[in-house]
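Same chain, two partners: chain A is paired with chain B first, then with chain C.
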Partner chain A sequence: MPYHLFKCSECIPERKKHAVIKGHGETLADALPLGYLNTIPGTISERGCAYCGAKHVIGTPMKDVIHMSHGPVGCTYDTWQTKRYISDNDNFQLKYTYATDMKEKHIVFGAEKLLKQNIIEAFRAFPNIKRMTIYQTCASALIGDDINAVAQEVMEEMPGVDIFVCNSPGFGGPSQSGGHHKINIAWIKQKVGTVEPKITSDYVINYVGEYNIQGDQEVMLDYFKRMGIQVLSSFTGNGSYDDLRAMHRAHLNVLECARSAEYICNELRVKYGTPRLDIDGFGFEPLAASLRKVGLFFGIEDRAQAIIAEETARWKPELDWYKERLKGKKVCLWPGGSKLWHWAHAIHEEMGVEVVSVYTKFGHQGDMEKGISRCEEGALAIDDPNELEGLEAMEMLKPDIIFTGKRPGEVAKKIRVPYLNAHAYHNGPWKGFEGWVRFARDIYNAIYSPLHQLSYLDISKDEIPTDKGFLTQRMLSDANLSEEIVSSSNLREYTGKYDIISDLRGKTYPDFPAPKQLSAV
Partner chain B sequence: MTEDLMKERIAQLVDYIMKKCLWQFHSRAWDRERQNAGILTKTMQILCEEPVENQTPADRCYWVDAVCLADGFRQKYPWLDSMDKAEIKILMQGLKDRIDFLTITGSLNEELTVPLY
Partner chain C sequence: MACELKEKERAGVINPIFTCQPCGAQYASIGIRDCIGVVHGGQGCVMFVRLLFSQHFKESFELASSSVHEDGAVFGALNRVEEAVDVLLMRYPHVKVIPIITTCCTEVIGDDVDGVVRKLNEGLLKEKYADREVYLIPIHTPSFKGSMVSGYDVAVKDFVSYFAKKDQPNGKLNLITGWANPGDVTALKHLLAEMGVDATVLFEIESFDSPLMPEGNHVSHGSTTIEDLTGTANALGTIALNRYEGGQAAGYLESEFGVPAIIGPTPIGIRNTDTFLRNVQKLTGRPIPESLVRERGIAIDALTDFTHMFLADKKVAIYGSADLVVGLAEFCLDLEMKPVLLLLGDDNKAYPDDPRIKALQENVAFDMEVVMNADLWELENRIKNQGLKLDLILGHSKGRFTSIDYNIPMVRAGFPTYDRAGHYRYPVVGYAGAIWLGETIANTLFADMEYKKNKEWVLNVW
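For the complex of A and B:
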């Protein structure tokens, strides 16, 4: 039977349809976990709310904006800084969090006055910031405060400021995913088309569904700029509010995360005729294919090929050093929504690990289709898992490492499984050629941490060896490798810098001679 | 070519697409139909050295995926070189039927027919 009911969930039989083991010869037409449904009462889900999805995943990476929550302070505070989406304006959007601090009396008497006062106060406190997004929460939605009207009033009173209202209260969907969609559609409807950009290249794209986790967006932007492509806007990592109002002028929408952001591209396609091209910045082969596709689209494939050749020559020997040492290691790939399919095949092919399980907290069935397709047979796929199921799966599969969020990650540590933070990364960026090597290095460091090895010993019953001195990662990882690999002069450990993003910010790019005009774009 | 061999080759191409591509999994059935038809038709045309329409933005998007797919197929499956154009057409039609089944007609994804996002 392909569907899998966890022992711990026998008392919640509906859970059975949410887990599948990929069997021999079976296809997506035989079994597919349910997805994007309300969490079943009694199962302790790891999901976030739709407000959190809208604000903390999609909205807040926008860098030059005051992000104001209209609700109790807990909504914003408890979800603040859960992701490391940095920006090149000194991380303004990460450093502060704002809330109107609704209390019981506002629930009774309304909080519109309070909201207005907070908006004005915030703009005065940061006179250089003229843009704001207001996020509805459960409390302000339930009492029916008219946030749009208040925002309009302030915009009339304070010329020069612009406010975007996102009505995505916590209960507005089964998970954070509902919030992703709400804010995408709201942005298209309210803001796109309200600013005219300066076009400086014949090749103009929006980079959509990219959140600049530890600098991912800046790494990818570097490739695009080296190809002479103008990136009109980034939705939303390191993205600027006004640039994103001008999305309608791009020639192509390059879509990175088709979970959080595909609807924005679909809407832009319908409304403005801008085509959508899905790409994948993780892994040498997928990234090379992605750059090539963007190059082909604009008739500048040679520029893409030059970058691919240069980057591959520089970084492949380092990736392969790790691959030799990670071969056969078992991974549970347990991210939020899209990385199960971004990574499942690429880490297997390029780092040699075995993906024994994939899960998604808030993905839709489409994400499971992609994820399951990209795993090998025998993998266990779980939708919206609860903590006990996670524990049972780890006991059953005995992974060497899991990639997941902080909460399930800490649970894994308790049973001595090392984890990497799939949402915020450890030593990212992980996108790009060099980034992919940094990911491999983080996996290696986690699996072969000598400190972690000590945790396998239980001082209450195990004998503690006293004849061993210290251990290093190399001693552990190279113990069973052939001499040829250990002393190979073709392979080497990561040689990049600690911080690879600062240099990109000051970089200048070549001017390309006038390109041939494409009639299509 | 025997039917079994043709089936086995189609299965290999399906596996390639499922492991390496994303275009077959757009979120709605109508979109998947367009994607599968657009990209696999152009891939067949490239493999059969027929002219390929790539001037409109939409065609261009299908075409770039088709170019990469055709290259990937040729690289990974040398047996393609030994097939004549008529055989390649049968192969690619079989591939499209199978991908349509797995991603649309046989798909268990309940969201495929949801009218709104």
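For the complex of A and C:
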């Protein structure tokens, strides 16, 4: 039987169909866990709400926008300063957050007046910002405030400002995923097509489902610019509100996180006929294939190829240095949604680690399908995991490292499993060729931490080694490596800087010769 | 030139100082042993609060959600509470105390949490868990009232009033610490130990700072027991250090069981710590020992080394919970600094009657603003647009960008502090807290002088 029922969940047998072990010779039809179903109350699930899926994941990375939540103060506060989506406008969206501060009297009498006052105050406080997104919360949804009407009223009274309304209360769906969907659909319905962009290239894309965690978007933007491609908009990391209103003019939607943003790509295809191309910025091979695909679409594969050759030559020796030292290390790949399939095969093939488990907090069955198919046999896949199941899985699998969120990472720490932050990264960016080496370096530094080794020693029982005053990562990682690898001149440790994003912001790009006009006017 | 008490004039909040009430109830509940709270609402109300706790403590804490989805929001979600309690009890055999913590969502739809607790007590607990000691405690913390501070106050009172039971006098002192850090509890227990006072500490949270052990799993959790809570009715007296974070519970024990209560002052700084010891003495009859005279002397000696040379006249803005902010402001005044702006992060109507705030209004001779219902924009806007010049900011991590963007040195104090390592381990209360705060302020100013090359050479001969 492929299903796996955790001991701690025997009393809630409906959990059985949420976990599978990928058995020998089994197909996905045998081994697909249920997904995106209502959470069992009281399980201490790790899921968030649909409000955070809309606001925190997708809404807030938009950089030149006042992000206002219509509700009590907590929703706003809780989703503020807990992520690392940076931007090239001095992180405006990270620094400021706005709550209408709904109180008891507003619950009774309505809070539309309060909302309007808030909007005006916020625009007054930041006179240079003319764009706003208003997020509904549980409270404002339940009392039935008409946020759209208030936004419309303000837009009529304050020409020059534009307001987007996202109605995605916290209770809307089993997890944050409900909110991803709602904000995707709301954006295309309300905003796409309301701005006409300046087209400066024959190759124009929207870069979708990318949230610029620690600068991922800017790394990828660099590749696109080097290919002479105009990135019309980024949905939504480091993205500009007005650029995103012009999404309809792109020739291609290049999609990273299909879990959170495939909806808008699908809608753009239906409404404007723009094709969708799923890509993958993680891993040398997937990234190279992605750049080739984009190049192929536009007939500029040579440009993609030049970048791939240059970047691979520069960074592959460093990736391989880590691969030699990470081979066979067991990984629990426990992210939120899409990274389980973005990473599962890429870390196995390019860093040599074994993915012994994947989980998803808010993914759907499609994500599991992709993730499990990219895992090796024996991997344990868990949908909507909870605290006890996570602990039981780690006890059973004895991973060397876990990639997960901040708080579950603390759970792992206590059973001596080092963690890397799969959502916000440790020393990112992790996208791009250099970024992938940074990821490998972070894994290496976590696994071969001399301090971590010390955590296994019980000084009351074990023999205390007294012959060493220190250990280094190298002393640990190279102990069993062949001399050939240890002294290889083809391999080297990471040589990049701490901050690799600031330099990209000032970079200039070559002009590509104007393409031939098909017809003269 | 005076201290002016005012309210924020804007209706909305730009960069809030606090989150909402359920967070406070959750913070109280993790202080109790064998207790896992069920937050009745959307999942974010728990998930983010757990994240917040883990950011502050670098530890994970157990809290459950009733996971209200659309159907529950429309048709009522009490069945989710019933299921949550059952699932939690089945899977966590040690759990005895389950507070059911409400949120805006479930208060708006009008779920009768008290009713479902009665139903569970009569039904599920009798039928399925007859042999088990289980306490279900409804805690009403709608997010549209008060703040995380009042939520904490409500929860402490609800826990105490649920368990407190009159019995033989136990000779102990109740110490309600307010929203404290493990370092604070250690410092307070040290003072009480020196006085030879046996105390019930609400809550025993030193164990939040849990170890990484060679074997087994150590889940961070408080260690206040049911017996501790029950016995609060039989104490010599109660000291609630913070007026707005546990004051209600102290009042309850006094009115219900005649346990004398002393509420405040928050023992931040030498003077307030002196008062605290005097209050302990008053309630227990224990003398203040020589060891504390000496400890106090060490603190004053340490502070004297830098106060009038480096701290005098430095302008400070302080934000956070009222008890902390006022306590810090009082300490700053003793250190000859000028706390020119105090931001109290919620709309508690009791602030104007707070004797400590009144004393500031009566005695401060320089320009000082105390803003109620404040947000962090009240701070930034004054710096950015109104010419406020500051030498120091005291507050929690959510205000970090104001410090960074305007080049104003900042000492982290309050909850949450996630952008500095291990701050929860250090006290702000007691003589130890006075030393730590004073020296941290001084060292922060020194580092800033060096970073900005602002008379950095002064320190050559200090």
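Following the convention adopted for this analysis, the second predicted complex is superposed on the first by the 505 of 521 C-alpha atoms of A that agree within 3 Å, B and C clash if a C-alpha of one lies under 4 Å from a C-alpha of the other, contacts with A are read in each partner's own complex, and residues count from 1 in each chain.
What we mean here is this: a residue touches a chain if its C-beta (ideal position, glycine included) is under 8 Å from a C-beta of that chain, and two chains touch if they have at least 3 such contacts.
All values reported here derive from a predicted model rather than from experimental measurement.
K.L.:
More residues of chain A in touch with chain C or with chain B?
P.N.:
For chain A, the partner with the higher number of touched residues is C.
K.L.:
For A:175, using the defined touch cut-off, is the partner it touches chain B, chain C, both, or neither? Pick first, second, both or neither.
P.N.:
Second partner only.
K.L.:
With the two structures laid over each other on chain A, which partner does A:414 touch: chain B (first), chain C (second), both, or neither?
P.N.:
It touches chain C, and chain B stays clear.
K.L.:
Once the shared chain is lined up, is A:185 touching chain B (first), chain C (second), both, or neither of them?
P.N.:
first
K.L.:
Touching A:74, do we find chain B (first), chain C (second), both, or neither?
P.N.:
second
K.L.:
Now for A:464: first (chain B), second (chain C), both, or neither, which partner does it touch?
P.N.:
Once the two structures are laid over each other on A, A:464 reaches no partner at all.
K.L.:
Mind working out whether A:102 is in touch with chain B, chain C, both or neither, as first, second, both or neither?
P.N.:
Once the two structures are laid over each other on A, A:102 reaches chain C alone.
K.L.:
Quick check: in the complex, which residue numbers of chain A touch chain C?
P.N.:
Spelled out, the residues of chain A in touch with chain C are 8-9, 11-12, 38-52, 68, 71-82, 91, 94-104, 106-107, 114, 117-118, 121-122, 125, 137-139, 141-143, 169-175, 387-388, 391, 405-408, 410-411, 413-416, 455-458, 462.
K.L.:
Which residues of chain A touch chain B once you look at their complex with the stated criterion?
P.N.:
Per the touch definition, chain A meets chain B at residues 27-29, 31-32, 34, 36, 181, 185, 251-252, 258, 262-263, 266-267, 273-278, 280, 285-286, 289, 292-293, 296-297, 341, 345, 364-366, 369-370, 373-374, 519-521.
K.L.:
Taking the touch rule as given, give the residues of chain C at its contact with chain A in the complex, in rising order.
P.N.:
10-16, 18-23, 36, 38, 41-45, 47-52, 54-55, 58-60, 62-70, 72-73, 80-81, 83-88, 90-91, 103-105, 108-109, 142-145, 147-148, 210, 212, 214-215, 217-219, 347, 377, 381, 397-398, 400-401, 405
K.L.:
Using the touch rule from the top, collect the residues of chain B that touch chain A in their complex.
P.N.:
18-20, 22-23, 25-27, 31, 54-61, 63-65, 67-68, 101-103, 106-111, 117
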